[in-house]
Amino acid sequence: MKTKKNFNLGSLISANSVPILFVIICAVMIPLSGLPANYLLNEVVTRLGRNTFLILSLLIPIMAGMGLNFGMTLGAMAGEMALIMVADWQIWGIPGLVLATILSIPLSILLGLLCGSILNRAKGREMITSYFIAFFMNGVYQLIVLYMMGSIIPIMHSTLKLPRGYGIRNTVSLLQMRQSLDNALAVSINGVKIPFLTLIIIALACLFIVWFRRTKLGQDMRAVGQDMNVARDAGIDVDRTRLISIVMSTVFASFGMIIYLQNMGNFPTYQAHTNIGMFCIAALLVGGASVDKASIRNVFLGVILFHTMFIVAPAAGGKITGDSMIGEYFRVFMSYGVITVALVMYEAKKRKENRTMGQQLANEQKAEEEGKTA
Amino acid sequence: MEKNNTPLLELRNIQKDFFGNQVLTDINFTLEAGQVLGLVGENGAGKSTLMKILFGMDVIRETGGYKGDVLLNGEKMQFNTPFDALKAGIGMVHQEFSLIPGFTATENILLNREPIKKSVFSEVFGERMDTLNYKEMDRRAEESIKKMGVDIDSKMVVSDMPVGHKQFTEIARELSKENLRLLILDEPTAVLTEREAQALLDSIRSMAAQGIAVIFITHRLQEILSVCDKVIIMRDGYVVKDVPAKETDVREITRAMVGREVKEGGNAAREVRDHSDARTIMSIRKLWVDMPGEIVRNVNLDIKEGEILGIGGLAGQGKLGIPNGVMGLYDAGGTVEFDGKAIDLNNPRKCLDAQLAFVSEDRRSVGLLLDESLEWNVAFPAMQIQNKFLKKIGFFTWRDEKAIANVTNQYIDELKIKCTGSAQKARELSGGNQQKVCLAKAFALEPRFLFVSEPTRGIDVGAKALVLEALRKFNRESGVTVVMISSELEELRMICDRIAIVSGGKIAGILPADHSSEEFGMLMVSQVK
Amino acid sequence: MGNTTTLGNKTKLKELLDSFGLPRLIIAGFLLLLLIAAPIVGLDFATQITNIITRFSWNAVMVLAMVPMVHAGCGLNFGLPLGIVSGLLGATLSIELGFTGFTSFLVAILIATPFALLLGGGYGWLLNKIKGGEMMIATYVGFSSVSLMCMMWLLLPYKHPTMVWGFSAKGLRTVISLEGFYDKALANFLTIDLKKFGVNLVIPTGTLLFFALLAFLMWAFLHTKTGTAMTAVGSNPAFARAAGINVDKMRFISVIMSTWLGAVGILVYEQGFGFVQLYTAPFWMAMPAVAAILIGGASVNKASIGNVIIGTILYQGIVTMTPTVMNSAFQMDMSEVIRIVVSNGMILYALTRKTERGR
Amino acid sequence: MKTKTRSWIIRSAFVLVLVLLAVLMLRIGRGHTIYFDNRALEYQGATTAAPYKITVIVNGEQISKLYEKERCSVTNIGDKLELTVEVMQQKGGSETTSVYSLKVPHDLDGVIINLPGYMAGLPEEAYLEEFIPAPSTEKDDEAPPTTDDIGLGEV
């Protein structure tokens, strides 16, 4: 009954306020930036192929009620480590990417298990905890890549190593893998390069998620996400289900990172993953997702809107203020801002729900009481 | 499978104690397939403990198991978890809903028992990767809804459902379990409207007709009489009566529920003072309180100066809502006058300023600062409300640690609080001693009027007597009006001058404490919602 | 412990050991090891001590800024950058208005105060709307405010030549030297310098005294009626409410106090460091402060002045000692990794510890 | 129990497939840099002369035209490549085209192929030489990574 009443324009706008805001921002900034449409389109399509898979990895933990998985960074690290090894072994092209993907699976499962079991000890605080797991593991990643690779883990090529003889350089070149996925089956329409194979892989991942929702595990995750206690009473192994959701997310994220980095062609060894979680989450939220609800639609809408904003902001900022730094800071501000707003709305909603429930009961009694006294 | 003449369920000499506190003694009864058994008794009579044993709840095992035998079809059963009980064909609908809010009725009915279709992935990743068979789910859900005999929309999402439908969804879930032989319903009609309740009673009948045995727990005695084959009445952990429903009536059941053989002279020896001439110190009009599970509706109550008023009633009927509402801890409306002046509701500060004090029933989360010292616990409200235990040095007003320690030690002696010293943390004390700290906190406020809510809940017998004595002394010596809320009628009768009984969120009646238990019992069940 | 009253000596000792916890013991042991190792690998012990004391004096006030919010149950103040932003506004405006020397420090605090009250007020109001989710939101409020200020530093019409970019004469520099302004404004007061006696020990007495003053005021506040109420709100909000305390008001006050202390904290840091760092620098300043107070023995809803002092010494000790000691010992600088693992590990430990009052 | 062993077998098979796939990728994905030299080769006393010009075509793509003493390079994924050479012995002479299937040792990153030697059918040790990059004299200034401003930047 409630849902029917809500189906008017006002609530539709308020429910989608974030995407609408971004549409407006983009609509204002695109003409201001003066960027040619072709360039813009090309950039957006490139970024769509590059980022979507990573963002898809966020959907499963949201389904399991664990909020925005800042721990996806762990998957990104697994993907990076796999790529470093593959680059060292000189496996090139698509075979190299496939090998990196296979290598990243055990790594990311391991990291996912770690992350998931910590999060099971911090129920109700998953987001802030996963946020710090990402930071913590960044230290471990540095320990491995900066100190153990080349000393304990054999690295053959000195081009990868720091001059001191161990540790990986600040940039890892993936020259021989660069866009090998994107260029396979690529189609160019009006100068806009469409990375067909990448998009097919993304489509498969979407299909998987749609299908996954219909599996027993998917159903269990939704149940756990909505009410852990009821799910436990019904015999669902809550902790295990949550653990699996994080492991899946981490594995997905490592695949996503490999796709992302093959497009870039090289990566800064120690920084590539630091903010990736933040930007993926911001993009998802821009697409209209919330902490407890996200769909594939949100992912695509989010990637397009967020990245359009990202591309045009510096140019537009430069045109307005004569300083392109303004635009760069602006887009960083928007990324943080949108996450802040989404978190505030989520928490406020949780509290409001409790309150309205009380208010409603009070009113009912009042009405009844008035009826009786009258 | 079923042997003739063996009852479906038989309990033999069931005994259970919680840490030496005997809650069930020698429970024996039988139940045939297709029979409906009504189980009644006051709160704390042992009904829910018995059901927990039957349903294999963890808490029983964790507290040392039980004695005696549970026989199902003549076979001795030992349930270690609810899932064992489910396997054996026992289903239970708890008082609190156990439903996933965003799922449809169908999804909830088949929660974690969904029919599945094999998928390729499951070969590798385990059977949880099988997909759900939605068609089969719909079919089974419809089937169990039909079995129940009440029509609910299987596609409706639970959060959109009226309360009654949620209840029916829960029952349908139990019915969808194919081997269901015994269904336990714990106060299922409490949340239903009259029509829904009637529908439920009909469906109980039709379930019984299909050979399912039902244990039906309720406080609505009329329902018991109309639907049950036999009635079992429990009191203080004993089965006091086990009769066919046809051979009894509401009055007899009530008497059995609350009646006690007067064997100890304790009651008679004490004085019940009449305060009807005293002036009214607090007058409550049209009070409603939205306290979840203890809703109060339209309560009018006058409290006389200097008396001890008891408020009794069954759990969930609203007796706890009255003090919590007046003291501003839960949303409330109506008017409350104290000493001729109106008191703001929903503002604890105003009540405390008017020299009212409240000892909450929720010791651990409202009553105490568990992680702080006893000193803090005792002195805190008095410091904050009345600026006691403060001293001025220079520009600052400091806590007067010495005064705080003194007052705490005074109450430690007076109330015989067992602790290592006034600096001990409240968390480290036993329940009874924590309760005494709560009392000390209220006494330190030197109130003119004291609400005490369930002061003896969960504490041992010795501490109970001490707490009650302290309350009586406080009332008699300082002339403070005390309103005590308790689920234990006998306790109220021991200490109070008058007792008001709350039923269905309203005051069902007020009687002097020396009236018989039976009369109070009748009031308790009079308007049960 | 500053917040509890006269505990018996025995229980106090036991409590201290209990609350110390394994991670803290390991960290303290590690620092001890570093201190022992320092002379062995040929480092000057006194220099090391000087470094630790200096770093302590820079950071202690920012760690102190954690205390009020933890006390009022608002959790760890990951929103510290908000206070830092207020402090930076105070610092830059003080210079812009032409103050120099020690006065510029006082004026900076003076100007930062209204900003801290305003921003802290808004922040407190927000945190009262979202009880239970404070820490995550605090983190992002901090980030948002810093990135907003990044734009502001470029846009605000600052003119002072020492602060703006030389070539365009507008927009603030990323790093502003405080020489001639309040560089070492506190540190130079009553400095104890033993270099004359051949010992490389320098103690910035003034900064330490300033911290001691603030710490004393905080301690005193916690012993007043309002401070007691604040502690009770953090310990059990339901109890406080039933005792007639306005829970939201207490939380509000605590957030403002934390924000103001954050503003003063960054000014103290700058006077020691000698530079004002703008733009993205404040992003990660909350983390060391949070890690320090947790290492000191605080939990998500309990903290004392003692925790601040112990924690800052331990944390800054490790941060300053590891690079030098490790470099001299193994020619390998793993300090960054150790810093990251220790500080974030500590925060994780605090977050996953089972609290009675879990949501 | 039966289903358990069954699923165990299937799972190990799945892991095995992944491992095999990885091994396969290791085989077919190995990248090499191949340098082709057009210069005279001395082997066991005999000298193979270098022709005037060789056109090198790898996998159907023309790489370079090598005059005497010139060198070209090509990267190749996998150990095998199809090498087509068009040889012009004398300036202005006619071209002869021949197709070879060249196999590069799996373990070597870079190899130098002496084309005259190779075409003359000399053994591998004669015409093939490992390419060892000169120890990097360039300083440690690396090319800055390409960024899309996302995920990079402030730590």
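By written order: A, B, C and D. Residues from 1 in each chain.
Quick note on the criterion: a residue touches a chain if its C-beta (ideal position, glycine included) is under 8 Å from a C-beta of that chain, and two chains touch if they have at least 3 such contacts.
Just so it is clear, the structure is predicted and the values come from calculations on it, not from any experiment.
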item: Chain located farthest away, centre of subunit D as origin (C-alpha); value: B
item: Chain whose Cα mean lies nearest the overall Cα mean; value: A
item: CA centroid of subunit B to CA centroid of subunit C, Å; value: 48
item: Subunit A and subunit B: spacing of chain centres that average the CA atoms, whole Å; value: 46
item: Separation of mean Cα positions, subunit D and subunit B [Å, integer]; value: 80
item: CA centroid of subunit A to CA centroid of subunit D, Å; value: 39
item: Touching residues on subunit A, where the partner in the complex is subunit B; value: 1-3, 211, 214-217, 219-220, 222-223, 226-227, 229-231, 233-236, 358-359, 361-362, 365-366, 368-369, 372-373
item: Residues on subunit B engaged by subunit C in the complex (per definition of touch); value: 327, 329, 348-349, 351-353, 358, 360, 362, 365-373, 375-376, 380-381, 383-385, 387, 390, 396-399, 401, 404-405, 420-421, 423-424, 427
item: Footprint of subunit C on subunit A - complex, ascending; value: 118, 121-125, 127-129, 131-133, 135-136, 138-140, 142-143, 146-147, 321, 323, 325-326, 329-330, 332-333, 335-337, 339-340, 343-344, 346-348, 350-351
item: Subunit D residues touching subunit A - in the complex, by the definition given at the top; value: 18, 21-22, 24-26, 28-32, 75, 77, 109, 136, 140, 142-155
item: Residues of subunit B defined as touching subunit D within the complex; value: 123-124, 126
